[in-house]
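To keep things simple, chains are lettered A, B, C, D, E and F as they appear, and every chain counts its residues starting from 1.
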């Protein structure tokens, strides 16, 4: 893709990023942050690619380090977010409780 | 460079990430959102492994296993309270990974890149390193390994900008010289910059900084996408960068902190919430939306009204809140202390005016046994009648029986300030670990909570 | 000039007055002269001076002679009816079937008599509906009387000396008076339950925030939104089903009525006897036979452990408010027959047609006519 | 076994009883025997049978002889004090400075006397605060009396016969009784304005939903949340500033008091004379000198166009509720000195210390002691 | 193909369009949003004119002037009530323009295009033509030039799918033959398809169809962007397509119509709101959000409560609404009819319970002179007391004075159904042009309106 | 831009389109529709381009027709939307009105 194309994608992504989280409730600030954190763990894809194309040892080992770190970020991130969200799991069906 | 189907798979992964963020911003779909995000991530990785022509496949797989072996148990076993620092750490390693990827890319083809791509690499190294070292410092702060108070030493005011300028200069040098050594120097200076950046931030502001560093890391990933001509990284990174920036602002707002004050408050002498509120001792304050979620997801709630309810004339708003909770299946009752208010039966007069059914009103002796099994005790403009000081001798209220809200799982106070009640004595419970405060006029706070509850 | 006369009421204990000073202007605007017997308004705090300021003339003693229109609350005494000139119009309460002697006297004197009870309950006539306006007063008063007599609180109060439970009030009959009694008792904080035979009553009672007592009985509804009389068997079943509610009540207020009939007996002596010491029963229907067995109009009697207050002329106990409303009712109906300063009784108008008992020597109101003719 | 005796009240018109059947169990649980004079609870609808069921024994006639503890509402008559055995504990209302003869008698008899008026107003003592509990009853009652006496409605009503304006009620003195009067009048729909001298009163009045009357006067506050007495000059100014409010009021309720003093004069005769015909004034302080000039305790007098109701033993007019609360207060204080079934008067406890007037032949309450010594 | 700066200018224009839509979805920023959109459009056009190497410049400018000469005066002078049909017309010509662009592009380079691009051209011709002819029919319906009732003639059930299939076949033929004649045939058949598609839709559903056609046009523009390799057209068209689709769904929801029923209801025998509600005569219903906006932007509002308020026990919610309006500076009073409810003073008891200050209550005689200058009269569960039938002889309520809400600028009724009140007679005012109804329990409706008001 | 690039832009634009209007209040349905309608008037850009590159007379005249129509759509659309929105214009500053 050409640079302007990437720029276009970048700009549109900014809007999407802003819009989708704009109504978040305060209580979800931390899980949302954690989930977003896990998402940027896809740098793993980049790490894999550069490692896979590594020509020197330095590149290889650095790349592998990046793979390890990115994996920690991604995998750990999703797991910890899931744990944070446990409180939103099982909520009994709302029953009409109060009669005025 | 790739086949079309890989690109499309990447696009699907990107869509997953969008849906993940969307889901994560509503309590109802948050969990599902996270799972969709995880699915997208796995898809992306698998597609990369399968479709890219890669060497060192085994090593890469081993590295992934090692990474998982670190990440999963850590995330699984962490205590609820330690989660923020773990997130900080994860964010930091993500930033480091991005920086390393940029360095490797530079090593392998730095000489041949366009200036634009080079600039993106420099950005990634700089910001990724800052994010890494900054995150590590926040981790140490939150973990209590270093003090959570703002750390400012003499000369810092000079050192920080100096380091920043140095990093910028090194960045420009990389662009002009494409020297490997300078890249490493840039990384080193950036690491220092990250430390200097976070040290002066005080304890309560740390979560805001984590969020900011998280957005930073997102941007580095986006830049990596630019460098690698990878749309997925570009989209995912930008999403995180944009949503993270907005989130940082929202968090700062929710805590009533100006964003810049948070970051540089320690320099300008502004207090950054290192230790305390207006008063000396720290209390936890929260927003109406948090109260709404706490109540909505509780099984049993006890409301303890007091004189403040009458002053605010908030009985109508309170009834509305309770009705809404009832509709959601939360079990709510009012715990009425015999001397709440300023007149015998004051609460009855108020609540009858709002047509609260008599059956919802429980006497102190009737409600007290329920409190240990109560998820949230909501204290609306009451103080003395829930003050545990009454149990100790020597205070003006000693010997007065109280409603034992301190036995509930969580306590939320609605009051305007830290001022005491009728008896004029401080309330220990306000500083308790399980207590949170929503400051403001009770009517106002309740109305806002009702609005937040409706949007859940 | 056509004159409208307002005599002082002669019924013992009556404190209302048919016309209050505030209404005088609205009558004189119709081109008539208004004459008030001196002291007529005293019971309702309306001083002669106030009438004079409003444009009426004050007459000492007999105000009726020469009057074209006479406005009163209660019907005139028998002997005074004879003194009226032929063609005089009298507007007042007059239960015609129960007061046949007065009807006959009015017929003989050629007087036109409009009875406020007979104003038809059509929308246009609501401003003349004195039954409603006085029922409103009576209902409010009943609830206050119950609150005042009860040795307990109406509202719930949680205090350092323990919790005071709210009073349980049962209201039987939820017409105008009953609904107002419900509203007033609710306001004071009592827990109110109510029952009425009309089908619409359940909704109306709930719309006041009270609980409707569901009995396993069909509803009874007559014409004009009034109730019908019920059979003795249904009546008995209703009492049986109501007993547990009466037993638990701290205060019972009864307001049931069936137009033109004796009030239905809703609560027997033995039902009252099940009530706890200190309970209060207020029977608004005591005058027309009583909803409560043993109640005496105008007296407080003790039955079992309960004290039973029998209402006698209850609206008169809130004379200022009751007079004000009644006076407005009278002005509204007067506007129908006072045209260009003269009396013009147009029986095309269904309100005048319905309310008129006697006219020009004839008894127009059918049930009274039949009774008069049957009796004579 | 320690015995607690409850005599029938001898004060004329007193309908309360010191102990209600519901409270008997809480006393016997302390290991004492409870003796009730036959018929003591009648005025409050508490039958002998109910006491017996609750575990008390019923005594015909003299219940005091041999009693270790005597619980009453009003202080014992002078002649009965002498009959008590030395060391007997009496708990009751007793205005010691005003009843020096009784204090002397109690001192002579070696009786321990706890006065419910003297219970200090500390948080722990709130459950024993009989002034509050009886004030609550009196305040409610005052508002009902005003509503019952007023020949108008309290609430606003917009009807087909015109709009009835809400009654304007002014409450002076917003302590426990005043606040409750405000609440009750508000509930009934009146427009309520209120005034009190204490600084906190403005907020408290507003917290009841009433309007605080702002006067251009400094506030006056004494110890324990009570008011202080004011100078004659301030008093005069306060009356002047209040006059327009009184003039416009349909009903005025006064509840102002200063502990140990004559009630302050808030409304003069001439102020009442500015009120419109049919207005009602309720003076809760009539017994202690009156907030309203000319009010007579226990009577309704007419001043100008207004009728002035002077409260006499008002809590007794709601005997069931008042007795229940008072009884709870007595049980709470008894729990302080009845330990393991015996009387153990521990003056380390500031409540007993504060409430005790005489003990073991000595007058402990300083103002009374000074008066007794000064007078003797 | 273009210089980078042009592309960037296009991107700016695209961002303007995003901001425009964002603005247009909130009352506060709607106007500004529209202006930003207009700015973006002008920017795009100017950049195109300046930067592209174009022939026929003069003719093009003349065409633009002609177009403006038609569009602006039409838009300026149209009556408020005729706006929907004008929008329909504008949408139609947009669709036509897109179709023509595709045809021209096909004419000039059809033979050399890839299949993907050709398919996009076919799509544009087909959908653009449908949009054009469909819009013209909606215009005719709304303008009253043809009947607004659903038009269904025998054989239509067969003709419509046949036409659709024919269009598809022609489209495929275009791809395979790249014949010019077939393109024109496709356009012709598609025009017919558009007509057949819209004819069976009933009057009240027409706005939903306009919105759908609008989304269609957006998609054609997006496809044109694909054909012309123009990112601006792609983004703008997609935006309109996506938001238009969502909007169509929202509109159908707000009117309580299932989307498919709206479009094909006439066939399946389901009523499509051609003439009326459950009752025979048409009434205008609206949602709580509309009520909220109407009230919020009014200067003076009169509330007329009736028996339904008592039945719903909605006094608390009503007070909350009035308080909120008061805070926004709207002048609100209650008009109390002397016989509203079922008991003298019924409304007073209710409103006192909700602590409505007495000063806000106005008697009938006091409020009636104010009504002509009232923007909105909100009738909450009242009926007889505002029924103008009382002014005519011969009805059960004849002669009863009423509150003249029919003199207000707009009337909103909150009630559950079309059932009459106590007197049992129909209320003409419900069918009046200035009346709108919010159906539902009054408490529920008021609560929702309050929520909507808070989010304004 | 390549086809996948365009697809990416397309997908992102869909999200942006959905998100930005998802919270629209009912009262704004019509103005929003009208505004969106005006926006797709940018087909004018396409019309100008094809007209400017027209080689035959048919292309030219068809193109010019498209320019006219697109202009009507765009210019008329924005103007009519603005008129619809007039009611949201001048709103006096909110003043504390009611005291309870």
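Keep this in mind: a residue touches a chain if its C-beta (ideal position, glycine included) is under 8 Å from a C-beta of that chain, and two chains touch if they have at least 3 such contacts.
Treat the numbers as computed from the prediction; the structure is a model and nothing was measured.
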item	value
Contact distance in steps, from subunit B to subunit F	1
Neighbouring chains common to subunit B and subunit C, by label	D, E
Copies subunit D and subunit C - interface residue numbers shared by over half, same or different	same
Centroid comparison with subunit B (C-alpha atoms), farthest chain	C
Longest centre-to-centre distance from subunit D, chain (CA-based)	F
Geometric centre distance via CA averages, subunit F-subunit E, whole Å	15
Separation of mean Cα positions, subunit E and subunit D [Å, integer]	68
Separation of mean Cα positions, subunit F and subunit A [Å, integer]	34
Intercentroid distance (Cα basis), subunit C paired with subunit A, Å	77
For subunit F, residues that touch 2 or more chains besides their own	1, 3, 5, 8-9, 12-13, 15-16, 20, 23, 100
Touching two or more other chains - residue numbers and ranges from subunit C	126-127, 132-133, 136, 155, 157, 159-162, 164, 187, 189, 209
Multi-partner residues of subunit E (at least 2 other chains)	18, 231, 235, 313, 338-339, 344-345, 349, 352-353, 355
Chain-to-chain touches, reported pairwise for every pair that qualifies	A-B, A-E, A-F, B-C, B-D, B-E, B-F, C-D, C-E, D-E, E-F
Subunit D-touching residues of subunit B, taken from the complex the two chains share	307, 310-311, 313, 338-339, 341-346, 349, 352-353, 384, 390, 396-400, 423
Interfacial residue positions of subunit D with respect to subunit C in the complex	15, 44-45, 47, 126-127, 129-130, 132-133, 136-137, 140, 144-145, 147-148, 151-153, 155, 157, 159-162, 164, 184, 187-189, 276-278, 305, 318-321, 324-326, 328-329, 332
Subunit A residues touching subunit F - in the complex, by the definition given at the top	1-2, 5, 8-9, 12-13, 15-16, 19-20, 23
Subunit E to subunit A touching residues, read off their complex	4, 7-8, 11, 14-15, 18, 231, 235, 313
List of subunit C residues in touch with subunit B within their complex	155-164, 166, 189, 191, 209
